[in-house]
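Following this line, the structures themselves.
In the two complexes below, chain A is the common chain; its partner is chain B in one and chain C in the other.
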Partner chain A sequence: AATFERRVLRRAAEHHYLRVRLELPDGGARPNAAQFKQLVVTALRELHGEVGAALPVDVLTYEEKTLSAILRVISSGLVKLWSALTLLSFYQNRRCAFRVLQTSPFLLALSGNSRELVL
Partner chain B sequence: QNILPVCFSVGYSAVALNHVIDFKEKKQEIVKPVSPSELFPSLPIVQGTTKRIKVLTRLTLVVSDPSHCNLLRSTSANIRLYDIIAVFPKTEKLFHIACTTLDVDLVCINVTEKLPFYFRRPPVNMAIDRGIYFELLYTPAIKDSTMRRYTISNAISLMQVCKGKNIVISSAAERALELRGPYDVANLGLLFGLSEGEAKAAVSTNCRATMLHGETRKSACGVVYTVKKPRKVEEEETAVPACKKAKTQA
Partner chain C sequence: MVRFKNRYVLCEVVSEDPRCRQCIEDRTLGHAVRDAIARVHGDYGLACCSISFTVKYLNAYTGTVLLRCRKDSYRLLCSALPFVRYLENRAQRYPCFLNTLHVGGTVRTCQKFLIQYNRTQLLRLLQNCSNEEERQCIQKSLLSCSLTEEQSQSGDEEEDDGTE
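Up next is the complex of A and B:
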């Protein structure tokens, strides 16, 4: 008889991945990758101060055409990053909004989006 | 007109359009709400399901004087046309009255300035028993950093008294860009001090309970929801307490 052992890992993932899109309705200059990272750090600084701005956030991919990016953040900082992105409203005095499309502790899960299914 | 399509694309399944009535100005009459069918001949479908999106109408009364509350008791025909009624008390006495005796669904908590009164436990507990929800707005937090501080501080003081129960977070968006998705708003609830389950409920189940409470208020004794799908039996059970409360009121 084989013995089974079940292990449940809670919060074992180190990083959380977020797919976000920046909405800039006015047709001005689009930020490049460095400016996008600067924007994310500014958002964190505005809401959570210097400690928030020091949170290790990486921009894994960035598409300038659609202004969408995949961010990686340490799991303990997910709430801070997400709330900072939600409450950001200005980029260089232009109104903008962040839309978080998907979030997951696994990068592979960001490849499929069930909301885009056509029923 | 252009905010609603953004709501639907972001993933909401029910939206309420708000009319604010401020009693400080004279000659305020309650106008008939704009019927949603006039705005949208055909409502789009919720993401991921096959149901249509609900658009409700809502009335907010800004009261700074007890005489303004008489309007709620009058049998003005126009009030009955609104699905949800909310009251925005400006003084402690009015907050007490709104929580204990007024026939409303939501009590709005001011987020744009420092609260002139502190929350006390007895009226808050009575409101929770009666099925009244407290509403917080998040759009001022997006616009201005001073308001952000007031929002968070008022929300935290509310949490200390009500322990996270009966909270609804809503937006007072005037532009499409000021809207945020439901999961983003639930995350903001975590900032206010709610637990994860409570934060998600603040956007989903509590809002639905407010809708049911509004329908209970409209009808004489109660609301019973019957749905065909078996997995939704628990929703019918949440409708039953609303009936019981309405019977004790009426």
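Up next is the complex of A and C:
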């Protein structure tokens, strides 16, 4: 009989990936990729100061049409980033909101979304 | 038994400007430290550290400051102290920096450390004396520090803080 071994690695992933969408209800100018990153860093700076603004956050993809992006952050900074995105409410004096659609420690898991399954 | 635990951070205000000593007050220092925490750790850090934040003890002659904060956020406070660059008082800015001497859990441990530290500082001042008068003055004040039987603890601390 073969012996099985199960290995469980907890909190071993280096980065966490977030798929977010920025909701800007009015039809004004849409931010481009650089302005989007500036917005994320500004949100971190407001809530968590210079230490938060120095968190290594990357915008992996950005679509200007739908204002959705995939962000990558170091695992220890996930709570700071998510709380900063939640509490950001203004972009250039216009009301806005961040919606977090998916999050996972693996980038591959963001490709499929069971919430948008068409049965 | 669950209780709120505090951390007491003992620091020293070091400044090249001699007029800075006059403007060391608990309110100005409290504002300066709070501004530094807000800049470095943002709204969340400021709110965390302000829960039980006070300037517990202040000695303008030696520049000794004792700050209190919650045990959960003392690291945020300690990491923001190097970012205090100046003290502002009535539209006058004096550049200075804070030197962290000791972090203790109670005022008593910080007091014990401060007494010990002041003793070593007095001896070091004696060695660095430039002329004979200062030497005589410091020697006299060192010799006059003595423990009396009653009020030994408060007497000891007063003697050490009174002699500069």
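In this section, the second predicted complex is superposed on the first by the 116 of 119 C-alpha atoms of A that agree within 3 Å, B and C clash if a C-alpha of one lies under 4 Å from a C-alpha of the other, contacts with A are read in each partner's own complex, and residues count from 1 in each chain.
Operating definition for what follows: a contact is a pair of C-beta atoms (placed from the backbone, for glycine too) under 8 Å apart; a residue touches a chain by one contact, two chains touch by 3 or more.
Since the model is a prediction, treat every value here as computed from it, not as a measurement.
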| item | value |
| --- | --- |
| When chain B and chain C are modelled together on chain A, clash or fit | fit |
| Vertex chain A, arms to chain B and chain C (CA centres, degrees, nearest 10) | 80 |
| Which of chain B and chain C A:N32 touches, first, second, both or neither | neither |
| Partner chain in contact with A:E23 - chain B first, chain C second, else both or neither | first |
| Contacts of A:R45 with chain B and chain C, given as first, second, both or neither | second |
| Which superposed partner A:W82 touches (first chain B, second chain C, both, neither) | first |
| Partner chain in contact with A:Q92 - chain B first, chain C second, else both or neither | neither |
| Which superposed partner A:S111 touches (first chain B, second chain C, both, neither) | neither |
| Chain B versus chain C as contact partner of A:T66, first or second or both or neither | neither |
| Dominant contact partner of chain A by residue count, chain C or chain B | B |
| Closest Cα approach, chain C to chain B, once both complexes are overlaid on chain A (Å) | 5 |
| Chain B and chain C contact sites that coincide on chain A, given as residue numbers | 46-47, 83 |
| Interfacial residue positions of chain C with respect to chain A in the complex | 37-45, 79 |
| Complex contacts: residues of chain A adjacent to chain B | 23, 25, 46-47, 79, 82-83, 85-89, 95-97, 99-100, 103, 114-115, 117, 119 |
| Chain B residues within the chain A interface of the complex | 10-11, 45, 47-50, 141-143, 145, 148, 175, 177-181, 183-185, 187-188, 190-191 |
| Chain C-touching residues of chain A, taken from the complex the two chains share | 44-52, 83 |
